[in-house]
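Before anything else, here is the set of structures, which you'll find just below.
Shared between the two complexes below is chain A, which pairs with chain B and chain C, respectively.
Then we have the complex of A and B:
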């Protein structure tokens, strides 16, 4: 709990909130399910005094006006799938859940954009767009996340190597500010050079600068032909070293993932499925796009030769939807297979030609700290998820070793020109590392932005800064 | 001149500036060429007390520390090719010219990024990258602009329809803040979710939040095959209406331009060249990319059928580099052919399916206001350049009619869900329109950002806000 003198949610406030959202859309503390006290990274935990489930922008605006007048903290929660404690209401107050704001408001085919409410679930949205012949390109691993959560963490995901991150697909948003004003930023337009871009500042701000209540995203044509290549390697270094070679050759897959056998095995065990050629020490997995079958053949041929020249043991082609799904399901289950409660994670990003060095360093840190790591990465963009597994370590030892290992990993990341977070954000649990590895002048400017947007400090307190 | 009590550049300050950049890289007011008092839009004019030409980040930092201590305005100028008076030193003080910071510092092929100084000229950089097999995708029409200027206005250009704007290609930057601190934002990394993204806030801030001293941009593989299609139409409406149809069919050209005969004729007259099929009332011009000649044939065939079905009179294919160059040279000369001193411009952007409506409205405004417009547009992204020509109008009448016309155009833009500026920025000359068509709460947040980054108000005063 924070020492800052926020006001508590009085009975009068509860009645006012009930007036806004209706009594059926408000849950007071004593009836609040445990899950609302944390996100997927359960150790970061805090209890709200009340949870509200608004359905409209107007309701969100009235909630914020009330919270602002009374100086009550407001933490926004989408699907609660974050990994940094960003949605944990650590300062108490109001938990604002976007789950009822789950409508796809418009699919504008002429402008190739869609307008959605923040609580729309990613998978639901992706599938709805595919049915209409469109690709929504951002593809974070956690498909049950909300689009609002994706925008507020600038989620990345597997297709970032070709299509960029969530930021690159947001065209406009409606935001409720700390005092309950409603702002429209951007729109359906493809270009904008009209003053400071507050929309891009909001993206990735994790609910600390405003609450997004509507999002306009761009849509792309669906690729005509998709094929997945699974490329086993005897040496992990060869796999990672191949990534820049492919890029320089003009081969930009839709997704380009790296993993080792240990991670794969825990995933296939978890799913109870076989994996083709499952005994190699390391793999690259590439999802390729082409505009015709002939073009795909040419692309596979070129890619295959480059892989084999670079030390690959084989190049396996999965060209039916079923085979491709089996491979990507295994990839998708990596994190889940590790279990949730007894891991912590570094979501570092480095220039992609430094990934091999980062991996080797992580191996050494694990050994020297007496820890088990399970790491995999979006090789195409240098983003690695280094998962630290607790195993049987007792209290105290676990925290000590974990913290020592993390500090070394973040130091190495900085030395390699990387960043503390590639795509999971800072939230609550990575604040100390952001502070330690960011220029104090930059932190001070972030602080001034926060003060300018939220002078009473009520928006998602104790997050990021 | 501004009423704010800035200090003037004293003899002691001049000597200190000489110490920093060397006497040969400082030009005092009495020897300052006239061109340094304005950008391409000459009516916005102001004289600096001194111009300095630093060569390094360290020099820029020392200049800013001095300016901050003495509260002297600093206006940054790249190549001076802006159209909104952004580089005009309207508050006097120091003009900081980036022309000597013109080095390509690094081309990192493994990570497919380049690091450049801000004064590198766009064309020089594009050509240098092409020689190494890379595409720098942003392609604003003004090739003699600097990369620094492009970043600070978030310049768009013709390839935005496929590749996005300058923002989408910046990976990192070094910035000198108002008080002379040096910040590194982003880097060579492809993803970043590490706190508020100050880099994206800097992009498009027109030198009012900091001075960019180094830029890391991403590079793409060069497309294998390029072909240009010139598509004449009997009716301008048909041309514009075809744009969303192409998008929905999955055809995303590298560039997709719209123009009418009057603009084309003034350009070909200016260049003294013929244009094929130059007598149609309206045109679309498409630059297509494909990964093989066979793929290009297929793409041209599909595109051609869609165009002919949509009312095109013909589809002319320019497949040699020379023929393509002739077409794009004519397009590139549109603005220059109009002459500089006697025009003003609206750089509006609307959702692309509203372009036809915007065009028709602009025609009506021209007629009703007794003005001649010369308009053309990046049809693929809804960005229109509506140029208002003075002709023989006397003083007073010109300003009155122009202002009335602009006000109506910006009102219509807002009504269509568009923005005041698509790619040229706000600078000095469009401030009133930004103010009139932006939510006061949004403007207040911009103002707080400005105050946070530049509390003494010395960075490019009187611009944007």
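Then we have the complex of A and C:
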């Protein structure tokens, strides 16, 4: 990518943008609320010269044509719930907010797909589909995120063990390219072997290759019976070691989470609630689904025995909505309970059977670097969230220790055959680690792809690469 | 709630706890037949009344701390055994189901009478019940049982502060105030959700109690004294239900769209207009 000097948003450009979206849907820099300068990773911060709130694909196309002609950077923002600074307009220019494009356009029950605009909020969409008896399977923890944001970061989440990540549920999309062309990729079809799959390049591209303006996603039938098993362990190693054993036995839960008591305690304190079981050092939590109560009963029986054989203290059965809610509410608050301002995070993913090794290594790094880690993970996918807590470390010491710890964790991840990010993406914060731990040939191909889609480098500059 | 593990003095205590538990339709699935006005129970998944789980937890926690046994007592059709089985999985020592066609159609008075009748034959120092059920919502059965037994009772318990062989101290939600009460045993408490967080059913206990029998008692077992033969079931129920209907929903909904700043201003103005602020 050749560095290009960007142009600023001139008065003439502002007027042109106003013509496109209407004056009420444009906010210039001096009236722009602070929250639009960053996502949930607040330290990564940048101010756009103007924010626009388009409502249609046509408006997005005209904005891009204008930006392309004048070489103005465009950063797309959904709900701003990313964790890697991806939506921070670090190069200034235009911030394109998808919030007004929030309609569910179609639910096609025969083909079991839905067509949505990118600004639809995940929770709203999940609930709307459940009301119709459908499951939209991707289930990232942050329910106030938008579907567009989920697609552009290839968000993962709890149900990935069984159903995969957002990528596995996108069937088609409409995209506005860097120069303002409108492109339809994929469709309602269930398979597609027609040339390079540009749609899958778009997914996870964090707004650096195009702007998604419409998405067709796959729907599944809603499972009949859900039960959550909470499995306490005296030894964390036993918990992690059980994960591949369950997989081999053909037990594929919707979700399979690992956490330790410290994380759980900070979460229940934060929520001000009691957890139904609070005295084991480590837990696995499995959400199982079945097509009938009898099938669920057999599944619990089989899973229960495997867990006890694997060293579990017990297997606790949360079968009612209330019981399951108590467990998943606590799990859902892990991140919030840590408080965003004082932490940094590694979202590494390793092969499932190497997770125990990775965890033990992280413990050692924390000790040797003089840091406190708070780790939990989507154990079923080998995806760990290693949160590095600042505590009361002074400036300078904190950055030094954190960077040293991160470097060691990413090196170990690479050695175990893992990846820099499992589900939170690269954004702005993790670029150096992507560069350091990715094959130079692969990086060069990524750069050429970026140039191909965005020759003037205006789409979300300084992200990923 | 005192020291843990319990000190030696307390371990020698033996208190008989009874938890009243009822099987109800699974939350969110309570439907009313528009023709008959009755609750639709067929094909609806069942669960233990959520409030009763708090009562059972209170009994189990006190037993674990002070010593004694917990008996789970229920009245209902044969499938209510599931609720007692679940009580075993949570840690109850004994399960008794009152089940007889003669008990069917009981209102809160007949239900309270039947349970009280059974309790005459079950050792009980402290009886615990949920403050109400999620299907009937009357909150009458617990106090009714205590009245039939002529024992002290308190409803809407928020916290159980202390208990021993002789008395129990509890904090009660009395609507406009909070009351601290001490009751001489035997006594009955109905508890709110605030009282504790119920433990989950355990797979280990499920294996261990697989062969533990649930005792089923019928009308004959309760041996009503002369003059009380007709106190059971529909016959013993003075309540007449004229009509049951689902509460009207509130379909009025407004959706505002706009940018965060504008929306908060508008929300603020609206809340002020409604005098909430």
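Heads up, the rule we're going with is that the second predicted complex is superposed on the first by the 461 of 465 C-alpha atoms of A that agree within 3 Å, B and C clash if a C-alpha of one lies under 4 Å from a C-alpha of the other, contacts with A are read in each partner's own complex, and residues count from 1 in each chain.
Methods note: contacts are C-beta pairs under 8 Å (C-beta built on N, C-alpha and C of every residue); 3 or more make two chains touch, one makes a residue touch a chain.
Keep in mind the model is a prediction, meaning the values are calculated, not measured.
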Field: Contacts of A:98 with chain B and chain C, given as first, second, both or neither
entry: neither
Message: According to the stated criteria, A:352 is in contact with first (chain B), second (chain C), both, or neither; which is it?
response: first
Partner chain in contact with A:168 - chain B first, chain C second, else both or neither: first
- prompt: Between chain B (first) and chain C (second), which, if any, makes contact with A:320: first, second, both or neither?
  reply: second
Task: Go through the superposed model and pick first if A:117 touches only chain B, second if only chain C, both, or neither.
output: neither
- line: Going through chain A, the residues touched by chain B and also by chain C turn out to be none
- request: Show which residues of chain C lie in contact with chain A when the two form their complex.
  value: 26-28, 45, 47, 50, 89, 196-204, 206-207, 257, 259-261
Message: Per the contact definition, I'd like the list of chain B residues that touch chain A in the complex.
response: 108-113, 133, 153-156, 160-161, 164-165, 167-168, 177, 181, 183-198, 200-201, 203-205, 209, 220-222, 224, 244, 247-252, 290-292, 294-295, 298-299, 347, 349-353, 378, 380-383, 417-426, 434, 438-439, 441-443, 445-446, 448-453, 464-465
Field: chain A to chain C touching residues, read off their complex
entry: 27, 33, 35, 53, 99-100, 102, 229-230, 273-277, 293, 300, 304, 307-308, 314-323, 326
